[in-house]
Amino acid sequence: MTQLPGLLDTEAIRKDFPLLDRVVHDGKKIVYLDNAATSQKPRQVLDALNEYYEQHNANVHRGVHVLAEEATALYEGARDKVAAFINAPSRNEVIFTKNASESLNLVANMLGWADEPYRVDSETEIAITEMEHHSNIVPWQLLSQRTGAKLKWFGLTDDGRLDLSNIEEVITEKTKIVSFTLVSNIMGTVNPVEAIVRRAQDVGALVLIDASQAAPHMPLDVQALGADFVAFTGHKMCGPTGIGVLWGRQELLEDLPPFLGGGEMIETVSMHSSTYAPAPHKFEAGTPPIAQAVGLGAAVDYLTAIGMDKIAAHEHAITEYAIKRLLEVPDLRIIGPTTAEDRGAAISFVLGDIHPHDVGQVLDEQGIAVRVGHHCARPVCLRYGIPATTRASFYLYSSPAEVDALVVGLENVRKFFG
Amino acid sequence: MKLESMYQELILDHYKHPRGRGLRDGDAEVHHVNPTCGDEITLRVKYDGETLTDISYEGQGCSISQAGASILNELLVGKQLAEAQKIQALFLELMQSKGKLEPDEAMEEVLEDAVAFAGVSKYPARVKCALLSWMAWKDATAQALGDAERKTA
Amino acid sequence: MTQLPGLLDTEAIRKDFPLLDRVVHDGKKIVYLDNAATSQKPRQVLDALNEYYEQHNANVHRGVHVLAEEATALYEGARDKVAAFINAPSRNEVIFTKNASESLNLVANMLGWADEPYRVDSETEIAITEMEHHSNIVPWQLLSQRTGAKLKWFGLTDDGRLDLSNIEEVITEKTKIVSFTLVSNIMGTVNPVEAIVRRAQDVGALVLIDASQAAPHMPLDVQALGADFVAFTGHKMCGPTGIGVLWGRQELLEDLPPFLGGGEMIETVSMHSSTYAPAPHKFEAGTPPIAQAVGLGAAVDYLTAIGMDKIAAHEHAITEYAIKRLLEVPDLRIIGPTTAEDRGAAISFVLGDIHPHDVGQVLDEQGIAVRVGHHCARPVCLRYGIPATTRASFYLYSSPAEVDALVVGLENVRKFFG
Amino acid sequence: MKLESMYQELILDHYKHPRGRGLRDGDAEVHHVNPTCGDEITLRVKYDGETLTDISYEGQGCSISQAGASILNELLVGKQLAEAQKIQALFLELMQSKGKLEPDEAMEEVLEDAVAFAGVSKYPARVKCALLSWMAWKDATAQALGDAERKTA
């Protein structure tokens, strides 16, 4: 077995993940390398879900009965856990949404309906980057169409990094919000937060960081980031589907208008008018994803027990090894950084002129699950003049042996279409 | 029955026979609502710069929130502001103790009848009821103080 | 044991629901009468969730690997099941949301951004009723504030029914949308759909029906209802938290603009502009609640196997019995219809001048879980001049013995505060 | 290996050596995209009121979608419209069969080389690839027909 410095004991960890024992296509054990799309779930998270539904299930907040009190304590307890996980100054800054996409849309909508000084309108500008996930593009395109605000973009360098050379033109005195991803889901690039935040603060723009590909993989400290909002999603970090998080600075959450209206988010309702509950409830209309929050809390416990720094070190080692091995495959071109520095564990590539769809299909037949396509980041494909990529992405349970399996699999792809 | 630890005789008595209820003249008025159950209180504070000369209130809600207002009135009216604030802080601590704080004699001396609420602290959904009038009082007092300062400034 | 015509075999059914064996407060078996807030979950639904996570978990739609294909088939299969459950003309008319509140907000937002003839603006009107859940009030208050449209209300009669006597003033030629609940969550009232739909159609207004309290309890046929949109929520109908449904007529879903932007809902994205996928995907931005949809599909299977007509008959019998027994309690006043006709299984009441909070607390001590408060329908409380109610609500597993336990419990409440 | 059932020799051959590729003069043009994978096709139909005299195309995508366009061109060019529509309907049926339809001789007679796609129908994610050009053709033909009717009207 390949030994790399910094590796976790994946053999032990894999025992926690029932799906990793799955056998596909007549006897092939799955090699799951689609972690940037979604992660697998440890037994501990599934147990928390089952225990919630079997022992404590009730609607939260408005009940005096024991189940309602337990469910509320579990739901709000999950908020405490998430707040600690991201080092939020206050638990009330943690809003539960349905996924990162809702979190990002929430901010875009708040700013569209906000009063000065936050209001985005036709006199103002929005700045994003060419490597954003569609979920951090389309909300701003919609906001721009609906308000007349101008949408500006950071471009990319040839080696898959943000081009900040024109930062003063992209972020200007007119910019109200700068939204960018901490880690690219297609290229793995880790972006330079400090430079962007500094410029944004200089011009008085708010900063929203899409941490969907960061929260699962590295220590996340919202205070250290210096942003105003941070969004991420539960299902990529060992949590259930159906839950996302938006963290926002308390003063902003107080000042900004609500998004969805309904039960739970009000203080008092009459036919004449309504007043809103304080954050986070103001932004959580309707019955929240209770079980899913509990599951996310369990996921956060699980990741914390292993240690986010250890997980980051493990992934760094795997990524370094994977890049080295992949570059040995003839005709393989990595789209994005070709070293493991400032880079996450998602690696996109093209293989000669074999279409990624075909690459993925032949890998699948060998039990290797990768993702193919534009990975909800089509502007990146356009930028590099390719229709799509094949992406292998790793997580805390990924092993060097799985990298080896991928490389063998790719050799078979080349033979098949050779 | 655990219930008796919440619904102490004394609480039920204050609920049925509220002390000092009704709105009278004051220096500041606030209206607080508990959104989880709709309990409401309107509360006025009269403060002569030293002593809380009156705390009057009107409200609707459960026995805990209504008894709370009555006991607050009994306990704080006539007190010096600093002392009242000390009482409020201790009461808050007791209520947030999740049933883990056993009131001792020292506490009883400060909180008097209000120690009867110790049992309520075991019921998270009801802690807000118990605190409703206390939070309203804190808020109204801050306003009255602000006004007083503005007048002297 | 009390025998009533139409009762289901609750002893057998209760075996499917692990939580109903829960023991609270030193040995009291729970009497769960808070079903209008949320339902308990049968083993079959929990099994479906576990199987999904342990065997098939992957992100949907964009993968060629076997897990992605299985997850997609399960997710889209759940859509088929829900479509059949509500007799939708097309599966593409079923949109998965996070809860009913999002479904309702979705419609309000679509209409705010729509082109003519759907656009809600300052020249137009919106009609709702005084018995709506806050989730069907606040979105319209927000829309009205943001567009200048006038919000109009149907009032209530003294016996808890909609007052349609001024229907021609409430729904006018200016009305763009009429939104109302099929079954009141606070009073149990079943509303007369046909009269409202007919008037709306006469003036060319769209109709949105909030079926959150109907879908769990009676056969639901969106075609028979004649509405344009129908919203409901998974957690009240034996499904998981974190999932809701919006059904909408296909032509409308095609014409109306999207709400949340992001992955999955696009056809193609470039820096210049984006085009949207056809419905339902157009309205499902980001990773959907995959496991929750699968769970809801299992819930629909479970309910269908028992039979929605049988469930309705069971609840009718229980409601009739409960009303009779409750009216025997001295000083008890039911808020809402006092017969079981045109009425669901949620019964609100006040007990002398004992505050509902206190009623609920003393019932809880006896192991009986009811809900107290304004039930997210504060205008109803204002209308009837009460601060709050105590609400007992029944479901397919509720038994006459539980009604009896409630009545005994209320006697104890009276003694306690006597 | 199941894979060979999808990637028939014949499909790979059409992929590597596409027939009739390139955009030529036509009566209607459409552009179709498969949003799940980004496969694209631009397709033109030339129709003289009776016979499909040309189907020209340009596109990018996987072997299945590209081979699909090539086989479509080979199969439909020169056919009468009604016949082409019959072929399209049968191909659609085959592709939606989830691998359950075994092509028999009668089917082979109609679909010719296109029966090679039978194996693809087992892969839901790839069925869309196989159908991309066929859907584009159907759409373009409808447009060409509409134009023709408008001209004669």
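All chains are identified by letter, namely A, B, C and D, in their written order; residue positions are counted from 1 within each chain.
Here is the rule we use: contacts are C-beta pairs under 8 Å (C-beta built on N, C-alpha and C of every residue); 3 or more make two chains touch, one makes a residue touch a chain.
No experiment lies behind these values; they were computed from the predicted model shown.
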{"item": "Shortest path length from chain B to chain D (each step joins two touching chains)", "value": "2"}
{"item": "Each chain counted as touching chain A and chain B at once", "value": "C"}
{"item": "Pair sharing more residue contacts (C-beta pairs) when B-C is set against C-D", "value": "B-C"}
{"item": "Averaged-CA centre spacing for the pair chain D and chain A, given as whole angstrom", "value": "38"}
{"item": "Inter-centroid spacing, chain D versus chain C (mean Cα positions, whole Å)", "value": "45"}
{"item": "Centroid distance [mean C-alpha coordinates] between chain C and chain A, Å", "value": "31"}
{"item": "Chain A residues counted as touching two or more neighbouring chains", "value": "25, 62-64, 68, 266, 268, 357, 361, 372-373, 378"}
{"item": "Chain D: positions in contact with at least two other chains", "value": "36-38, 123, 126"}
{"item": "Interfacial residue positions of chain B with respect to chain A in the complex", "value": "33, 35-38, 123-126"}
{"item": "List of chain C residues in touch with chain D within their complex", "value": "61-64, 68-69, 72-73, 266-268, 277"}
{"item": "In the complex, chain C residues that touch chain B", "value": "25, 355-358, 361-362, 365, 372-374, 378, 381, 387-388, 416-417"}
{"item": "Touch list for chain D against partner chain A, complex", "value": "1-3, 6-7, 12, 36-40, 60-64, 66, 123, 126, 129"}
{"item": "Complex contacts: residues of chain A adjacent to chain C", "value": "18-19, 22, 24-25, 30, 32, 34, 37-38, 40-41, 46, 49-50, 53-59, 62-68, 98-102, 104-105, 108, 113, 130, 133-139, 141-142, 146, 153, 233, 235, 240-244, 258, 260-266, 268-271, 273-274, 285-292, 357, 360-361, 363-364, 368-373, 375-376, 378-379, 382"}
